[in-house]
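Note that subunit A is present in both complexes that follow, paired respectively with subunit B and with subunit C.
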Partner chain A sequence: MLDFSLYVATIAAVYALFALSLNLQVGVTGLLNFGHVAFFGVGAYASGIVALNGGSWVVGVLVGVVAASLLGVAIGALGRTLAADYWAIVTLAVAECLRLIVVNESDVTGGPQGISGIAGPFVGVSGLGGDIAWLLLCVVLAGLAYLIAETLTGMQFGRVLRLIREEPMLAASLGHNITREKMRVLAVAAPIAAVGGSVYTLYISYIGPNQLLPIETFLVFTMLIIGGMGNNRGAVLGALVIQLIYAGSRFLKDIFPIPDQSASSIRLLIVGLVLVAFLMTRPEGLFAEKLRRIDVHQ
Partner chain B sequence: MFTSRGVGKSFGPVQVLRDVELDIEPGEIVGLVGPNGSGKTTLLNCLSGFLNPDVGSIEYDGARLDRLADWQVSRLGVRRTFQTAAQPMKMSVLEAMLCGASLPIGSAPVRGLFRRSARAREQAGAVTKALELLDFLSLGHMVEEPAGRLSGGQKKLLSLGVALMTDPEVLLLDEPTAGVNPTLRLTIADRLKDINARGTTLLVIEHDMGFIGRMCGRVYVLDKGSVIASCRPDELKDNPRVVEAYLGAPRPAHLTTGAPRP
Partner chain C sequence: MLVAILIDTLVRTSQLSLVAVGLSMTWGIVRFANVAHVQFAPVGAYLALAGATGLGLGLVVGSLVGIVAAGLLGVLLHLFFFRRLSSFSSATALIGSLALSIVITATIQAIAGPRPERLPLPSAPGIAIGDAFVTRAQIYVVSMTAVIFLALFLVLAFTNLGRAIRCVAANPDLASSSGIDVKRISTTVVFAAAALAATGGVFIALDTSISLEMGSTLLLAVFAAVIMGGIGSVGGALLAAAILALAESTVLRVDFGALLGSEPLLVPISYRPAVGFVAVILVMLFRPQGLFGLGGRRA
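Let's turn to the complex of A and B:
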């Protein structure tokens, strides 16, 4: 039971990285990125492929961060000519293309079987010690990502992003280049998700194309809606709530007569019900976005 | 210093602006009037880079503006306001003001993240300026309020304040007093005069002829996309084309005095 709790907490911290990254895009800037899982995938597969070729996990993480950032800039540049809703559809397509490439380029990616046996940072440490080390690492990373996201949101960079979300014409009239700002936020948000993807892959020492399905993106959207769109604390809390629902649903079959094979469907059903309940009763989420106080006396 | 030559703009088959010639000298307050649909806002959109004209040129201080993007025009010192002064709901009035400032360190995600104290110093300067401007615009008591929750007139004042954060040389104002009560209208007029006295050139779209008369040294009249007059405001009523297109003919005597119908 203890190792299960450690596992749940570790995955929740990894999810927090995804949620914080998506919050910078959707919650702060209003960029509907339906292909967010692509950034996770780039980080995860960078770690997997580097490991497969005998590289250190450090190299894998760095490759993932740089590649995700570049992918972010490229996707952001599409916004120069695409209206926001079309851009959202294109992001979904980009992520699906990435997944299909991963499935078909078996020589590089392991194809549908994925890549297993990926060595992470705590190879020598086994048992409880290793689990605790992983949890600490992921919590520290999530904390760091929170600080970065919160600082970015509060400073002029994030202020302009929030203005772009609410009043894009006003932002343009004040000399802010909207396309450039979108590219920049994707360039900084994507690596946060990529680190999450890398850490996840190293933690469970496996990555496969089924972890790049669009449902993963929408799960992160659910985290933001429950936690509170635009609020970084909400993103972290939303990740925790979803992970608890996921973990808790495993015990439903001890109480109710549920066949094993329906367990994962029931999990999604519960997430869906919680999502609908929030949208109907508390659309602003657990932590609503608040006005930011500006320190007047400095 | 601000000129447009032969500016034309069409939306599909509809020609909205034709051959618009405009000259604005530094320090002027110029009015832009005309009936609804005459192309005033389209012209302002062209001058501010929100639209690029199909033909013609727009120059400001030797720079061609007609092929630049909106944000580039703004950075050259030509800022505009909008007819509906929208302001963000999830920002305080003070934060909305800071959006108008130029804060290079705070705007750079990586540099701003690491240079915390330089960022704070830079912002403190902008906060001081924002508070002064808010006092000047009689919004000093609204600093902590959500910008999007202000009244229509207060939003117009705030839009002015936000635009003034970088001391623009030219302000293009789209109906700065439309839908504003008479007292606040006078306040806005006074503030605009002060802003002009500090050296900002103003181009004002306005329907209130009293306002135009008090404020503007010169006025352009637009009708069906063409400039039909450019004169002092008091000369407008003597111009038959302006009277016909915009001001309307004086009422026949029998309607105003009760004299018998001829």
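Let's turn to the complex of A and C:
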């Protein structure tokens, strides 16, 4: 039970990285990234492929960070001509292309079987010590990401991003280069998710194409809606809530007679219904974004 | 080989266009990208299966019942879910449609299980045309799609209902002030759209099988067809679906190596879905207003 709790907490911290990254894009800038899982995938597979070729995990993480940042800039550049929902579809297509390549190029990526036996930083430490070390590492990383996100949203950069979200025309007329700002926020947000992907891969020492399904992006969206779009604390809280629902649903089958094969669909159903309920009744989430209101007319 | 490509393209066009045309028609009315629309394909197919074998109505009646039920589900979701969400913002509605597709998939999986199913189609010998082979089901699918599109065109072009639908899609406010009951027309369109997508799902099931992934594998190809054809354009959606289907069946058969004068180089069959993905990206980048300049909302 203790190691299960440690596992749940570690994964929750990794989810917090994804949620903070997506919050910078969707919550703060209004960029509906339906292909968020691509950033996770780039980090995860960078670690996996580097490990497969005998490289150190440090190299894997760095490669992932750089590659994700470049991918972020590239899809940010696509936002030049596309309105929000068009861009959402394009990002989904990019992520699906990436997954298809991963499934098919077995020589590099291990194909549908994925890559297993990836060595992480705490190889020598076994048992409880290793678990605690992992938890501490992930919590520290999530804390760092939170600080980065808070700093970015608090400074002028963050104000410009929120202006782009609310009044893109006004932002452009004030001289802000909207495409460049979008590329900048993606260049920062993508590596946060990539680090999450790397850490996740090193922690469970496996990565496969099924972890790049669009459903993973949906999970992160759910975290943000529950926690509150645009609020970094909300993103962390949402990650925790989703992970608790996921972990808790494992015990559901001890109470109700649910066949094993439908356990995963029941879990998704619960998450989906929670999201629907929030959208219908409390779309601003548990922690609503606090915007300073300045009324110019008074 | 040409005949095989033609058969492939016609069948795929039928399936894609039926799902795409509904999305194209409703997009103008609901004003957000409804990702959940493609899920009416598996919903329709599974409901048809339930009607045909579960209720013992037989294939034809069962399919019709399934298609109508899917249409009604579409109306309910529109009235009680999407209308509320799009009153907040189109982003909320878009995320809501994503949530809805997950809920639908999970519900089907929980009820029907993860294994693909088949409709109770009486087995009939296929017909050989040259070196190609066409099944009875494929002939039915293509000819029924042709009939459906003809009917759709006649209704839209020559009836009062059709004129009202086109008015509402073009300018809801003006339509409303001209005495058209926008709410009733919207509901009709939403019903038709969901029912058409469900028909597409049944047609896929007749040709291959019913699976959970039916909706998600259609998603990007359908969006590519809708945007390529121009949002709101029925003919555009059909034509774009045909172009995409042709691209899908030729890209996999063309030997790029022979064209370049080197060793045989074929695109692996497992890359088939990439045609839709890449088409979405290219269309969005270069022709977001649609291939034929038939509208679309913005550049």
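The criterion applied here is as follows: the second predicted complex is superposed on the first by the 291 of 298 C-alpha atoms of A that agree within 3 Å, B and C clash if a C-alpha of one lies under 4 Å from a C-alpha of the other, contacts with A are read in each partner's own complex, and residues count from 1 in each chain.
Definition applied: a residue touches a chain if its C-beta (ideal position, glycine included) is under 8 Å from a C-beta of that chain, and two chains touch if they have at least 3 such contacts.
Predicted model only: the values in this text are computed from it and were never measured.
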Exercise. Between subunit B (first) and subunit C (second), which, if any, makes contact with A:169: first, second, both or neither?
Worked result: first
Exercise. Now for A:182: first (subunit B), second (subunit C), both, or neither, which partner does it touch?
Worked result: neither
Problem set entry | First, second, both or neither for A:84, with subunit B first and subunit C second | second
Exercise. First (subunit B), second (subunit C), both or neither: which does A:157 touch?
Worked result: first
Exercise. Taking the superposition as given, does A:103 touch the first partner, subunit B, the second, subunit C, both, or neither?
Worked result: second
Exercise. Once the shared chain is lined up, is A:269 touching subunit B (first), subunit C (second), both, or neither of them?
Worked result: second
For this session: Please work out whether A:36 is in contact with subunit B alone, subunit C alone, both, or neither, and reply first, second, both or neither.
Result: neither
Exercise. Thinking of the overlay built on chain A, is A:225 touched by subunit B (first), by subunit C (second), by both, or by neither?
Worked result: second
Exercise. Following superposition on chain A, which residues of subunit A contact subunit B and also contact subunit C?
Worked result: none
Seminar exercise, completed: The answer for subunit A against subunit C in the complex is residues 30, 32, 34, 78, 81-90, 92-94, 96-97, 100, 103-104, 214-215, 218, 221-222, 225, 261-262, 265-266, 268-269, 271-273, 275-276, 279-280, 283
For this session: Would you pull the subunit B residues touching subunit A in the complex into a rising list?
Result: 48, 50, 69-72, 74-75, 79-82, 86-92, 94-96, 98-103, 105-110, 112-113, 119-120, 123-124, 127, 131, 143-144, 146, 148, 159, 162-163, 165-166
For this session: Show which residues of subunit C lie in contact with subunit A when the two form their complex.
Result: 32-33, 35, 81, 84-85, 88, 90-92, 94-96, 98-100, 102-103, 105-107, 109-110, 113-114, 216, 219-220, 223, 227, 268, 270-271, 273-274, 276-278, 280-281, 284-285, 288, 297-299
Exercise. For subunit A, which residues count as touching subunit B in their complex?
Worked result: 148, 151-152, 155-157, 159-160, 162-163, 166-167, 169-178, 184-185, 187-188, 230, 289, 291-296, 298
